[in-house]
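As written, the chain order gives the labels A, B, C and D, with residue 1 at the start of each chain.
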Amino acid sequence: MSLVPGGRVIEPGSALKFETGDWRSFRPILDREACIDCMTCWIYCPDDSVIVNDGKFCDFRMTHCKGCGICAKVCPKKAITMVLE
Amino acid sequence: MSKSPTRLTSGHRLCAGCGEGIIVRQVLMATDKPVVVSNATGCFEVSTSIYPYTAWNVPWIHTAFGNAAATCAGTEAAYQALKRQGKIKEDVRFVAFAGDGGTYDIGFQALSGALERGHQMMYVCMNNEAYMNTGIQRSGATALGASTTTSPAGSVIPGKVGYPKDLTMIVASHNIPYVAQVSPHNWRDMIAKCGKGFECKGPAFINAMSPCPRGWRTDPSDTIALALLSVETCVWPLYEVENGNYRLTAESAKIAEGKLAKRPLTDWLNAQGRFKHLMKDKWRDLIEDAQADIDKKWERLQKLCKL
Amino acid sequence: MEHKDIAINGDSAIAMAWKQINPDVCAAYPITPQTIIVERFSDYVADGEVSTEFVCTESEHSALTLCIASAAAGARTVTATASVGLGYMWEMLGIASGLRMPLTMAVSNRTLSAPINIHCDHGDAMASRDAGWLMIFAENVQEAYDNAIIALRIAEHKDVQLPMMTCLDGFILTHAIERMTPIDTHDVKEFVGEYKPVYPLLDLKNPVTYGVMDSPDFFYEHRYQMKMAMDAALDVTEKVFKDFAKMTGRKYSLVEEYKCDDADYVAVCLGSTFGTMKATVDILRKEGKKVGVMMPRLYRPLPSKDIAKAVKGKKGVAVMDKFMTLGGYSPLYEDVVASAVCLDKMPEMYSYVYGLGGRDARVDVLKTVFTDMIDKKAKKVNYLGVKL
Amino acid sequence: MPLFAIERGLDLNMELCWHGRGGQGVVTANEILAETAIREGKYVKAFPEFGPERMGAPIRAFTRISSDLIRVHSQVYEPDIVIVLDPTLVGKVKSITAGLKKGSVVLANYSGSSKELSEALGTDVKCYAVDATKISTEEIGKPMANTSMLGALVKVSPIVSFGSLEDQMTSKFTGKLPDKIIIKNLSALKRAYAEVK
């Protein structure tokens, strides 16, 4: 049997392989022009689904974003809108 | 901060808009030291460790429901022993996460014991005011009048009977070095407080307001707005007790100074489906009682902060 | 090497074994009749005779929780309890075994409430017998001490990795002073060896997740792995017994037999009663009665094959439970009967409930276990010494 | 010469039953006897009767001493020797004479004569009396009769030698009690050994 005894998981962060993106009814769309890279959406995303690179907004992790819409509500520049999938 | 390593990955299975994911990410940003996490049974534990996956990039352990503090204390005791023998070199931080059920109720004894013994650990309660994992049953943290599946809004009894216990104050009475109330809408306040909690000498306790769209009957996108509202209505004042000294922080400090308006409790109640039944005329007295209770506690807290 | 025998009670002997082992962590909560273990060990900690991180918790539930987490973190961990304390730990017993934590726990056997009673029976151990723990019993203080050392080697073996209870009869052994041959501390340390944790939490470079949410797809398999470990524990225990005999000269077997070879009638029991029964057998042998007694020293995993072999061909087998299952057959009886099912011809099997709540197991009363079988007076289920 | 000769020779196998009150040092005396016997290479099982009793309540304790491995773990029902630490128990506690058999002896802390003692107990087994309360009060300064009774015991029945008893008491308490107290206890031991009748 290849299972690690005790139900221990020895591969950290393996949940990344489990995609929660298909839970989504609404998807976030970013207005790149309006975005000021303030990272507000990143700090409030419950699903770590705002990808940031070098301190700048890069993308939404659509494989995992559950479409809660928090990012749209907290964006100080109203740069994110939620649209029906 | 955005460059710090991801300790909790995507792919966990919390509800969309859950406050807990936001809180844990912020708490773990408050230290750059290695952390070992303990977790009580509850939404967060279940959602982040569904076999064969784990959302954890750090060592993590869950044993049972009523013992997150003892679990954390056990990892810390092992660390103290191995560190003393030179078998471990790193400077490690120990943190426990639990819901209000695992903290206010079934885990209270273990928490009190661990605090009294003085383990080097930080305990974070994520308070969503009911047992959400098992389907919204009332807890010792449930607000007066809130409708839950074990305190339903009936025709005779209007939801939860009695006020929630003031656990933060109870914990502060253990005279541990650091105690604070936080809310995820104010991440600066949260991270500053957790930073103190991680670095103080002895146990620290953080009580975090954690909006729950499912249990509160609110829109997932409103989680942060509700967190803010809990503070603006003084339902959840932000404060810390550092070595016995009480201090209001963030929005709560501004309300005390008159720089920010204290909003009426009805704003808080109206925003959530779990309180909808209270809007009927026949429960008006109950709302007045609830407001009076909040005002009384707020006054007392302000007095403590002036000492 | 010459060793000086000492006068010591059972609880102090456990504490002495711990002192020699010098475990990394001990978390415990005092309860009669285990209290002396925790008190003596506290003395060792206070006097710096051990480097153990000792945590005196606020409850047994927390004590075992701390031990589980400590073992998961990578520390060699010990604890002790008794009676309702073990009952209070019950939730955590299954978690300790399910997470495969090789910690060891001395259990100073005492009955369960109510009515509250501080005396010995095996109610606590028997209520926990299916929790996935290895269990070993002791006839006397020497064995209680030896078991506390032996247990580490079995529990920590890579093929086992399960927690182990070492049971000693409350008061009868815990508080009684007997003559004991201690093992040289250096030898104890060598015997138990350096602790090698499996997937420790404190291996920070390889983060491990402990205590997952398991689904029907995996839970059964995780349980089956525990069954395999229990099976392996039989062989491992025999091997460890051999190593122990090499070190001390004290030979132990999975099932201890006393004058059973040519016996027509045998009794099966656990704990200190095994000793008193040996004396009883000697008296009856002098009267020409062919009787014997045996004890499954290792009770979990049950050495079923050895039990079957030992009862094979006997005219009668009395199985003595220091515990009474209410509304069913008592556990050791069930275990022995089930073990003997494989035999072509089952011996007559009698259940004897005795010694509940500290009712003294006297030689004159124990004699009737054999004489009743011989005189065909034994019933299927007997309640030895109950006053009706 | 010992007052009560053991005729079993090397094949020593004795059962003792102690009577006293909680707090009088019954357990300690039993412990010292057990340690002394082991010091002499004998086997021992020594234990108090367990219960929730507190200071002042009548309590019992038991000792088995044997030249062979002891297997019986039960209480003692037919004692060879009964030792009573508290004179107020004589005549009051019936279990003192329970299970006495031919050849058993009773040793009591008793100010009267051994004849008066056997009358008070209503037994025809051999009785020995020693005023251990008086001895310990005079020698130690407080009425802790337990060490005196040990001295009397080994006179009545040399289950261990007086010398080993002295050695064990000295080594057990050295460093734990002031030397002065140890010496006083040893004097009490010696006096009771001499005075028991």
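Everything below uses one rule, namely that a contact is a pair of C-beta atoms (placed from the backbone, for glycine too) under 8 Å apart; a residue touches a chain by one contact, two chains touch by 3 or more.
Source: prediction; values computed, not measured.
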Chain whose Cα mean lies nearest the overall Cα mean | C
When the contacting C-beta pairs are counted for B-C and for A-C, which pair yields the higher total?
-> B-C
Taking each chain's centre as the mean position of its Cα atoms, how many Å separate chain B from chain C?
-> 43
Chain A to chain C: how many Å between their CA centres?
-> 53
For chain B and chain D, let me know how many angstrom lie between their CA-based centres, rounded off.
-> 64
Between chain A and chain B, centroid-to-centroid distance (C-alpha), Å | 23
Mind pulling the residue numbers of chain C that touch at least two other chains?
-> 99, 207-212, 214, 218
By residue number and range, which residues of chain D touch two or more other chains?
-> none
Provide the list of chain A residues touching at least two other chains, using ranges where the numbers run on.
-> 7, 9, 12
Chain touch graph shape: choose line, ring, star, complete or other and state it.
-> other
Would you mind giving me the full set of chain pairs in touch?
-> A-B, A-C, B-C, C-D
The answer for chain A against chain B in the complex is residues 7, 9, 11-20, 23-24, 39, 42-49, 52, 55, 61, 63-64, 66-70, 72-74, 82
Give every residue of chain D touching chain C within the complex, in rising order.
-> 30-31, 34-35, 37-38, 41-48, 50-52, 70-75, 77
Residue numbers on chain C that touch chain A, as the complex places them = 98-101, 161, 198-199, 206-212, 214, 218, 221-222, 224-226, 229
Across the complex, what residues on chain C touch chain D?
-> 5-7, 9, 33, 118-119, 140, 169, 171-173, 175-179, 272-273, 275-276, 278-279, 358, 360-364
In the complex, go through chain B and note every residue touching chain A.
-> 1-3, 6, 8-22, 25-26, 48-58, 184, 187, 213, 219-225
